[in-house]
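Every chain is named by a letter (A, B, C and D) in the order it is written, and numbering of its residues begins at 1.
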Amino acid sequence: MLDNLPVLSLIAFTPLIGALIVLLLPGARSNWLRATAIIFTLIPLVLVLLLFAVYEPATGGGVYTEHSTWLTIPLNKEVLDMKLQGGVASFNLAFDYHLAVDGISMPLLLLTGIVSTMSVLASVHIRKRWKTYYVLFLLLLTGIYGVFLARDLILFFIFFEVTLIPMFFLIGIWGYYGREKAATRFLLYNGLGSAAMLISFLILIVTLGFSVSEGSNFLYSANYDVLLGNLSDPNALANIDTGNSRYFGFFLSDNARWGAFVLLLIAFGIKVPIFPFHTWMLRVHTEAPPAIVMIHSGILLKMGVYGLIRFAAFLFPEQLQSWTTVLAVLGVINILYGAILACVQREFKLVLAYSSISHMGIVLLGIASLEEVGLQGAIYQSVSHGLISALLFLIVGSIYERTNSTNLSDLGGLAKAVPFMSGILLIAGLASLGLPGLSGFVGEFLSFLGLFGSMKILTAIGVLGILFAAVYVLRSILSITYGPLPERFAEMKDARFIEALPMITLAALIVLLGVYPSILTDLMQNGFNGLLEQIQTRMGG
Amino acid sequence: MEALQTLSWSDTWYLAPELVLSGFAILLVILDLLLPKRINRNVIGWLTLVGLLVSATFVVLLMLSLGDGTDPADSTPEFYSLLGGSYRIDDFGNLLKLVFLGASFFIVFSSLGTVRDTDVPVKAELYYLVLPAALGAMVMSSSGDLITLFVGLELLSITTYILVATRKRNRLSSEAAFKYVVMGGVASAFILYGMSFLYGLTGGTNFAFIAQGLGSAIENFEALLYICFFLMIAGFAVKLALAPFHVWAADVYQGAPTPVTAFLAVVAKGAAFAMLYRIFMNSAFLTPADGSFLQKDVFIALSVLAAAAMIVGTVGALRQKNVKRLLALSGVANAGILLTPLAINLTEMHASLFSEFIYFLIAYSFMNIGAFSVLTILTRDSGNESISGFAGLYHRAPWTAVAMTILLCSLAGLPVTGGFMGKLLILFGTFQTHTYWLGAVILVTTVISYAVYFSFIRQMFMRSGTVDAKLKMSVPATITIWVCTIVTLVLGFMPVPLLEGIDHIFSIPADLLVIQG
Amino acid sequence: MSTFFAQYAWLVPVFPFAAFAILTAMGKGMSKTGAWIGTIATFASLVLSLCIATERLSGNAEDYSNQFTWIEIGNLKLHAGFEVTNLSTMMLVVVTLVGFLVNLYSQGYMKKDERISTFFAYVALFTSSMLALVLSDNLLTFYIFWELVGVCSFLLVGFWYQKPEARAAAKKAFIVTRIGDLGLLIALLLLFWYMPGHALDFTTIHNVFDSQGGGAISTGITTLIALLIFLGAVGKSGQFPLHVWLPDAMEGPTPISALIHAATMVAAGVFLVARTFDIFDASQVAMTTVAIVGAFTAIFAATIGLAQNDIKRILAYSTVSQLGYMMLALGVGSVTGAMFHLLTHAFFKALLFLGAGSVIHSVHTQDIREMGGLGGKMKITAWTFGIGALALSGIPPFSGFWSKDAILTAALDKQPILFVVGIIAAFFTALYMARLFFLVFVGKQREGQHAKESPSVMTIPLIVLAILATVAGFVETPFNGWFGHWLTGGDAEHHASGLVMVVSAAVGLLGLYIGWLMYVKGTIRRDAVSSRMPGLVTVLERKYYIDELYQWLFVKPLQGFGKALELFDEYVVDGIVRLSGYSVSALGRLNSRLQNGQVQTYALTAIIGIVILIVAIAGRRFW
Amino acid sequence: MSMLSSYLTLAAVLFCIGLFGVLTKRNAIIVLLSIELMLNAVNLNLIAFSKYGVNPSIAGHIFSLFTITVAAAEAAVGIAVLIVLYRSRATVNVDEFDELRR
């Protein structure tokens, strides 16, 4: 049934349509607004699930590619015309509207669908300006889906930027005390990342993206597939060193490659975040409303991971390969730095923020392995961390609503007052510390397994992180749920249905992924073939 | 040199847009004198709009009558050269004229009903003086001769001096005007001094002559040519408010009535760019590139100025609380971006400098006019020009706040807006020519500018203002705001039609370079 | 022989898991029924285990294993599966048997607790994980359930979560064992990359590391792997230096201490080493390490046990000490001895804990100094406890004697010093057990204590266990090596040594006698040691200050480091970010200084600007 | 050519004097006059070039005529603005015109 539908576009743009509809609804009807928002968050989820059901790893979901030219910007060809006697038929800069799914994006799409749905349910804690909230929320979703679907550099960039603006508002309007600062910091820091990304992209477009087709049609293309094709094509202009000609400089020199690669690393490193680019996200974690942190920690950080793999790894396999150690060291630093800092925080949200840093370090290790196991582990860990941190922040939101605090010293004994929530919190915590049987373990294990083949000592040091994970998770969660219950919380009510539903769903998914990982690993089966082949051939040559 | 070509009756057709403007200008001056005091001077405003529209119609007609040069069999000329080549009707000029006329139109339109008599007692002057100013800008963009260029420049400058001073009872207004006069005068002197050398070393004031003479001039008087170009650069830099020649801009923008500020930011700036293109593409660009560094150096100097403008403008705006001054500094930064396509020069791979420039100019005009219109409404409401005047705008006028947000996103270069597309094209140019550093400067300053523009958004959405009453909107201003917003979005989503149109009619040899005399 | 029941072995863990699922899903609504669901499920497992055991008792049943692909990535496959061997069958029986008895016992012990169904859910989950662990056919599956039993232990230790001590103990239990788990995990990674075909199953491990394996893996790596696996075992089995969690874990309900922290989970470390014994066998260093750590732990914990006053803590240190014995056995190469002791220990230690639970249930204190003369009121408890104590002290003919004897014989064969250490530890064992028994059950009864015998649901398990503790030893005596043969498939490695039997029985009796003299007869004053060497006693009471040492060695420095890092994060990492922000806005301030209102300054700036531009750009050409 | 260079030098000196005046004089009238001086330097240049330049032509004369005219217009507007300013400030000191700042 999906064959006749532009299903990928529908996934990406139904939230946008939802946003427009919400915009037209009367602002006072909060129930209508909420229902519309939920519906338009569910539609893409359903579509993603359908896609998941029919997705065949063997064909890489190629059936569901949507490709059309979007912008073909004419570049003045006159000077070129004069120079080349034969004349130039056309000289264009083409941005394509190209959406596709493969084994790498599919799991992240699923994650997006699930976490966004849970987040929109968790938005019951939002107390003001619902209309604006849901409009921005849906806008954000379009951006996120777009990022995971886009296969054109500029399209990707646009979607990436589109996530920034709603996030700025969502943090800045509905956040806590330091929200404005956090929002600005978020915007600037991520903006810088995007700038680095765009520089790198443009370098790629003016070199790798250039091609001369039959009948001397000169074309700069921003299409990812074109870039990838030119990368491995020895006859592509970007791979031929024609000397230092100023005007026809399509050659992608080693220096340029390195520059572009490092810029991508920085760009996505900020998003992931990689130490030392992490400080912005601490503020987002503490200041943004929990429903938004679910999205942020659950999905947005994964855009960095996705970008690292999709662009830094696939387009620069050589550079990545010679920098695996750097990446692994960064990963280990992330793991330990985040973990140790998480051990000494007094604010639960900060514990979680630092723990995110730590977990993202594991993802880096997986990428650094350049082994299929590790790469799948990285994605797996991303998905798993997405679910876990979404669940954790869901509970944080519910706890904050009841206690007005998430400070560890203010809380205690909640297992008595809210046993259900405490139980879920414990499950989430255990998943976060990598307990087998829950999703966290599989991702961590696969990542470690992948890297261990090439870097034993570093991996072993990284594994220490899971010890600290036990320390900070237990320290914080036990001090919230265990111990004597303070008087003032005696009357606390356990989770309402609307809160419990997403909690149970997420917890169930965490267990499912922990017990039956093939559900994702099968999906990713052929996702990394291209990259691994590249590396193989380069090592051979 | 052919015999002096005099103005014939048939030429009036080619000069129709300019003649219409001057005719309307004179007519309105007289009308203003004759009309009794009790009649609202908005009438003159509407008539000004009519003048601008008629003129624009003629420009469009002229454009249609021009050939595009794609078909060799087509004998329609690609341009008309009048008065011995001193005045050119070509697509470069026509496109810019449309921008100027359109911008003037919206500026005047949005100010109808928002400018208060207490603030600008000579409201009629505010309206009809826009006509000669626009005329000056048009002359500049159409000139093929240094003298025409200079006359156009001065026509624009002198009228804007007066426009700035129209808030007669305002102490600041006349101070701003005085500063503008002094800086403008000095700038004119520099430009003229540079032009005098250009004339002296090549022997002509016509661009065709200058191009011919440059070859020998560079052999014998390279140092003098350097001085000549740098003197002109200095003059233009002041006119364009590039850093560090920009300091006057903030003061003048603040003192002027808001519509005039918008006019300065859009039309005056655009006209200066037109002049820059005319002169530099027909002189510095044509100097031989081998054996002399002149060409390279002039364009490097422009790149450096562009970068400096972006950095200083953005960074300066960070700490600015007065909205007009802030927009002045933002204009400085945008001038840097607008300069970039020219500064990275015309090369084999990068020949689309003009479409990059004009696309961003159009986008910039609309977003700026929109933003200034919002500002006009707000200042009329509260008299507060500070950024805190935007506080709580979301609660007072949510839709206007949304529009303003879109405009600000465009100013900040965020997708999907005209500002983004324009910047992206210019950026692409810098990368095409491998001028990575300039591209990086554009991007980094863009990011810093988020802090500037989003401080408005913070005010609008995240703070509550002192007043809660619904904001009183004037109809023309509202229309202007929404037109600007929609155009901004359309330019972001669908840049291709416009760009294709420009590419279709614009040709470098015929429209940008005046090689054929 | 048939493997009819063996193919259904996977059902053994499924029963309790189903119970867990039901109990969790139903929630609080079913306190009484819930308890029975757990018990019945465990009973079902027990029955099935017994069936499997019967099937295999003949001794020549083939091992049965079955597996499926858990994760498949590229050409790498990670499997999950189960394997039924004699070793795992023995463990199945032990776990289900003790598990069932503890379940039964808890019906009485936990009766009044409002979260009884939660308790039974946890216990069911634990039983299930433990059984799955036992059945695992490869190290990865093993590791998964290894962690799961750990988490169940954590949950149950912290069952009374409102007590801060329980919270601390649970946390400690989890974290300290996790240190060991790290070792196991790294060992797993190493094995994965070094094993041919990335195989992780025990059969392949056996084949590769077997003497016939032909040195597929270098000795250095083998040693490393072995030591890392041993680290895991050290953590789980409470060996020195990671023993600190086990005594604290006594904060949990007593049945849990019996089930998890005496009979089953803590023995998993021993089981692990036994399961991967070929790896150890291939490395002399590893074997020596295991033996030394085991022996040291045995005597070390026994001495601490002497000076404790909490009934459960004494038993806990005793557990640590006995686990040390098992490790010692493995270290000297006697898998049979270790598993044999594991078996007997499971029975008599569970018995002792349950007996202690019965006492605590009755008198509501755990301090043995506040007890006394309970023997009269609690006959069954006292008798069964006595049997347990005798078994533990290694008095013939109780089971502990035979198993200890097997270990000591092996030790003597290998290394006399280890034997001596073992003998001394055995003496201390007898001594502290005597102290415990006599102080609790003999002597004057305390006033105000209304001790009474526990209900039959609690005493029946005691009796069953007491019988087992008495007779279980006869499966393997110096005269009859059936158990060893059945277990390892080899010839009986254990040959009679009259010397060992005599010496070990003698020190056991001596210990008991001295205890009797001190605590019953009073011939030796109780403070005979403490008055002469108060320092020594304090050191023992404070458990050699190990906790404090760790506090100062690891916890505090780590906290300090964390705080320092926090400052670093705030002022250096974020500081740089803020600094760049400030410097940008400082530039902005510079710009606003320029805007001083003086038009002449503006013009001057412009002039200076153009001069600099000319000098910089044009000037460099003319230089 | 010596004539040309003398004229050019004179013009340059004149231009610099004008510039100096703009930058330093406190009296606003003198500032405006200094601008005129600069423009006159330009006129001198143009005339000199049109007589002694590389390609002597009438264009320089014409250019200077335009310059003179425009300069007059500019001066007129300048003075007018200054008068308005003087009315409100009662001073012609340039350095007192600094209410617009920062």
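To be clear about the criterion, a residue touches a chain if its C-beta (ideal position, glycine included) is under 8 Å from a C-beta of that chain, and two chains touch if they have at least 3 such contacts.
It should be emphasised that the depicted structure is a prediction, and the values quoted were computed from it without experimental measurement.
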More C-beta contacts across C-D or across B-D? B-D
Taking each chain's centre as the average of its Cα atoms, which is closest to the average over all protein Cα atoms shown? A
Comparing centres built from CA atoms, which chain ends up most distant from subunit B? C
Distance from the CA centroid of subunit C to that of subunit D, rounded to the nearest Å? 95
So the centre of each chain is just the mean of its C-alpha atoms; given that, what is the distance between subunit B and subunit D in Å? 25
Per the C-alpha centroid definition, the whole-Å distance linking subunit A and subunit C comes out as 39
Can you give the whole-Å distance between the Cα centres of subunit B and subunit C? 79
Where does subunit D touch two or more other chains at once, residue-wise? 19, 22, 31, 94, 97, 99-102
Check: subunit A positions touching at least 2 other chains come out as 188
Per-residue multi-chain contacts in subunit C, two or more chains: 592, 595, 597, 599, 603, 607
Every chain pair in contact, whichever chains are involved: A-B, A-C, B-C, B-D, C-D
Please output the residues of subunit C touching subunit D within their complex, sorted ascending. 592, 595-600, 603-604, 607
Which part of subunit B faces subunit A closely enough to touch in the complex? 346-349, 351-352, 354-355, 394, 409, 414-416, 420, 424-425, 427-428, 431-432, 434, 436, 439-440, 443-444, 446-448, 450-451, 454, 457-458, 461-462, 495-496, 499-500, 503, 506-509
Applying the document's contact rule, which stretches of subunit D touch subunit C when the two form their complex? 19, 22-24, 31, 94-95, 97-102
Where on subunit C does subunit A make contact in their complex? 69-74, 76, 143-145, 147-148, 151, 158, 161-162, 164, 166-167, 170-171, 174-175, 178-179, 182, 185-186, 189-190, 192-193, 558-559, 561-563, 565-566, 569, 573-574, 576-577, 581
Can you check the complex and tell me which residues of subunit C touch subunit B? 584-585, 587-589, 591-592, 594-595, 597, 599, 601-603, 605-610, 613-614, 616-618, 621-622
